[in-house]
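Shared chain: chain A. Partners: chain B in the first complex, chain C in the second.
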Partner chain A sequence: MGHAYRAVGWNRQKKIYDRTLGLGLIAYLVLFVVVGLLRWPEHSEETLALRALGTGALLLLHVILSIGPLARLDHRWLPLLYNRRHLGVLMFCLALVHGVFATVYYHSLTDGNPVVDPLISVLSANQRSDSLAHFPFEIFGVVALAILFLMAATSHDFWLANLTAPVWKALHMLVYVAYASVVLHVALGTLQGETSPVLSGLVGVGVVWVLGLHLVVGWRERGLDRPTTGSPSAEGYLDVAAVDELKDGQAKIVTLSGDRVAVFRNGDEVSVVSNACQHQNGPLGEGRIIDGLIVCPWHGYQYQPRCGRSPEPFTEKIPTFRAQVRAGRVWVHPTPLPAGTDVEPARIGAEA
Partner chain B sequence: MIGPLRARHRWMTTALAVVVPILYVLILSSRLEEHDEGHGSVAPVNASVVEGEFAGRAWRADGRLVFLPDRDPSLPDVLLYWSAVGPVGEDLPANAHLLGALDGDAPRSLAGPPAAGGHLIVYSLGHARVVGTGPAPEEAD
Partner chain C sequence: MTETQAKWFLIALGLYLALGLLFAVPFLLKGAAKIDGDAVEGSWGFKLLILPGTVALWPLLLSRWLRFDAAPVERSPHRDAAGEGR
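Entry: the complex of A and B
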């Protein structure tokens, strides 16, 4: 492991975030059970607790999967993204308690069942694989739980730093497989005995919402990935923007050499860096320059515009690009320089 | 270079946006079809009668046991057991054999009893008590 373990830094924002989350969750679970007992007195407290945990995890998963695309559409959602991993770990804990409770309750607490390992019982009790409606829903719950465990176990920055952001993100993209498994688990499980269309409708709305949101944002962003075209200059530079397009302290995002780069204007200087933050590959070009440093909009990681290095004592660094300003236009060389390479900024008004 | 990762993300969510809703609708439709078929089910005249809070009729077909509840008494977590001996009060016999779970008033086709004769016992796991009992049906000739 190239990076040492560092404990979670509990700042004020994280404490407020987690406190709100914890209290909200407790209120949801208590309300669900109390209202359930009043509305359906024939159901046992255990059954209602199981459903409260399951629906709580399902709701949280929908919230977690909505935060990313919502933050891309509107930056006012960014505060929710700041501590999204805590949401994920909490959701996994809820799902785990739901799974363990259901296994113990249905597969080891009855004298009538043969004495078998509850885990074997979970995976073998339902053998209706010949029926779509009665296909064993437990399998999908186990698959989702295994993926969510993997994600929760590697959610700490220690793993993010050691695996590197691209590998970590590829691993955490399995959340979509987990989501599909959860939907099938619910559809083949509790919805099979549900005669009211309300619950089926709500889950359906959730599926359309989450996947629709990702589709809209994904296809909307395809435009950003179109490579910058045009004739390169004799030195190989490409024309990426007019100087007037760049707002002070902000960036224009363009695609060069197959990846996005951020062209920042800082007063009368232009610096170009990779658009991907080293921490979690957040979109640096959607951040701002504050106190002379590029600030990632996701978690506040900072980089010096001219060299792409984080200020001491931090050690993160990102690739930089050579830039020129000529005749009111910004030209960038598409070949990235090694991360942390110092590049003299192009100066507006000093062009030849 | 996270461009390829972004592209994979886009294709993954696109594929899921197609597959998941289709599977969801198919699963719910097959449930409705099975429920509709269930409402049309008629127990044969020689079906065994299960009496109690969760009453119904049971018969054997193709080696399996079909159970048709009379109505849905909204009991939680109802399981159907077979036992060589009848229940004692509200408790399951120690060697009761689980046949499967019942589902509201929908008919269920479950694994057949392991032996001839014996009793069917309907047990609510939620209430931890027997809620119906009757003789196990014999295999039709």
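Entry: the complex of A and C
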């Protein structure tokens, strides 16, 4: 990073994002309870509040899981991705309140310890794991909440720096385990007390939506991880693209040495860097060169194209690659250089 | 899960988190700055935000603090091929 940590690096966009999020959420919760009281008068206010919190968290989880693939399909979704961590922490808070409320409401019936006994009850009251209709669905909620807690607790950049981006990303990929747990929690829970098919139907639509989006993006990107092949030049360079394929200020992504690289054109210069931003391993090759710096499309981290270093005072750096332009084609040496190594850009039009 | 199993699970979890909370006090006051230079002048809001993660992941942080490790460099196929971290 290169500057002192603060709780939140506020800026205008984050404030607008959070204000919109907060107001939208309050509107959803109030609307759910009011409509619920009118539509289902047999349910208590507590039950409706519990469902408002649970469905609110579930809805946010769907939004969170959709932002990544949507942003890959259309860059106009990127502003939503920029502050996704706040969305995640808010979703965890909703799920936590739902969990605590449900535990107190349904499991605080004994005269014993007010903290420990309800927790023991949640974990052990229902042991009908032999029956799908009576399965202890609460345990799936507990598993999801534990994962969401770990994700929310490690959402600060301190954890990115100290776990490293790949480990942090692997930890946060557990969101898919949490999602599966939540789906089971809701599906099995509704089996036990819900007569209307609306909730389970909506969850089914949500699952199809999330799965479908990920499959579409996977299909579109299926070729990107195919290693670049072909006959290497005498110096070991590989032909990766025609010069005409490279738009000014943008990159072509290819795979070399087991990972993606971004081949950037900056005017009549070509520079090649590893595709993963050091911050959250965002796809640098989907970003642009602005004011002479590669800008990560996810959170705006910047790198100098020729050396892969962030401008001072920032200290991020990424591996670079040697490139040549010959006969209208771009050739890249597949062996990466240590992060931050300065490499003379290949010049278009200057080839022999 | 039986009631006895649930009790033992909660006792173990409570013990782990209590140790994490004990560890968090000196870590947030001194340790975080030892393993990450950007935490030296970290605000109190920052310290409060990393408290839950510190309580949850205290064995990892304790081992780094004891080894006086600087923030680690990430591993990736490119960084490995470039000979970083060897």
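Throughout what follows, the second predicted complex is superposed on the first by the 336 of 352 C-alpha atoms of A that agree within 3 Å, B and C clash if a C-alpha of one lies under 4 Å from a C-alpha of the other, contacts with A are read in each partner's own complex, and residues count from 1 in each chain.
Note that in this section a residue touches a chain if its C-beta (ideal position, glycine included) is under 8 Å from a C-beta of that chain, and two chains touch if they have at least 3 such contacts.
Computed from a prediction, not measured in an experiment: that's the story for all the values here.
Look at A:Gly218: by the touch rule set out above, it reaches chain B but stays clear of chain C. Of the two partner chains, neither chain B nor chain C is touched by A:Asp74. In the superposed model, A:Asp291 lies in contact with neither chain B nor chain C.
Judged by the touch definition given at the top, the superposed model places A:Thr335 against chain C, while chain B stays out of reach. Judged by the touch definition given at the top, the superposed model places A:Val208 against chain B, while chain C stays out of reach. After superposition on the shared chain, chain A has more residues touched by B, the comparison being chain B against chain C.
Contacts of A:Pro166 after superposition on the shared chain: both chain B and chain C are touched. By the touch criterion stated above, A:Asp244 is placed in contact with neither chain B nor chain C. Once the two complexes are laid over each other on the shared chain, residue contacts for A:Glu312 go to neither chain B nor chain C.
Contacts of A:Val183 after superposition: chain B is touched, whereas chain C is not reached. Looking at chain A, you'll find residues 165-166, 258-259, 276 touch chain B in one structure and chain C in the other. Residues 1-8, 116, 119-120, 123-124, 127, 139, 149-150, 152-154, 156, 158-159, 161-162, 164-167, 257-259, 261, 274, 276, 278, 319, 335-339 of chain A are the ones that touch chain C when the two sit in their complex.
Listed in rising order, the residues of chain A touching chain B in the complex are 40, 42-44, 46-47, 105-106, 109-114, 125, 131-133, 165-166, 169-170, 173, 176, 179-180, 183-184, 187-188, 191-193, 195, 200, 203-204, 207-208, 211-212, 214-215, 218-219, 221-222, 225, 255, 258-260, 276, 281. Against chain A, in their complex, chain C makes its touches with residues 1-3, 5-7, 9-10, 32, 35-36, 38-43, 45-46, 48-50, 52-53, 56-57, 61, 64, 71-79, 81-84. Listing the residues of chain B that touch chain A in their complex gives 1-3, 5-10, 12-14, 16-17, 19-21, 23-24, 26-28, 30-31, 33-35, 74-77, 79, 81, 92-94, 96-98, 103-104, 123, 125-127.
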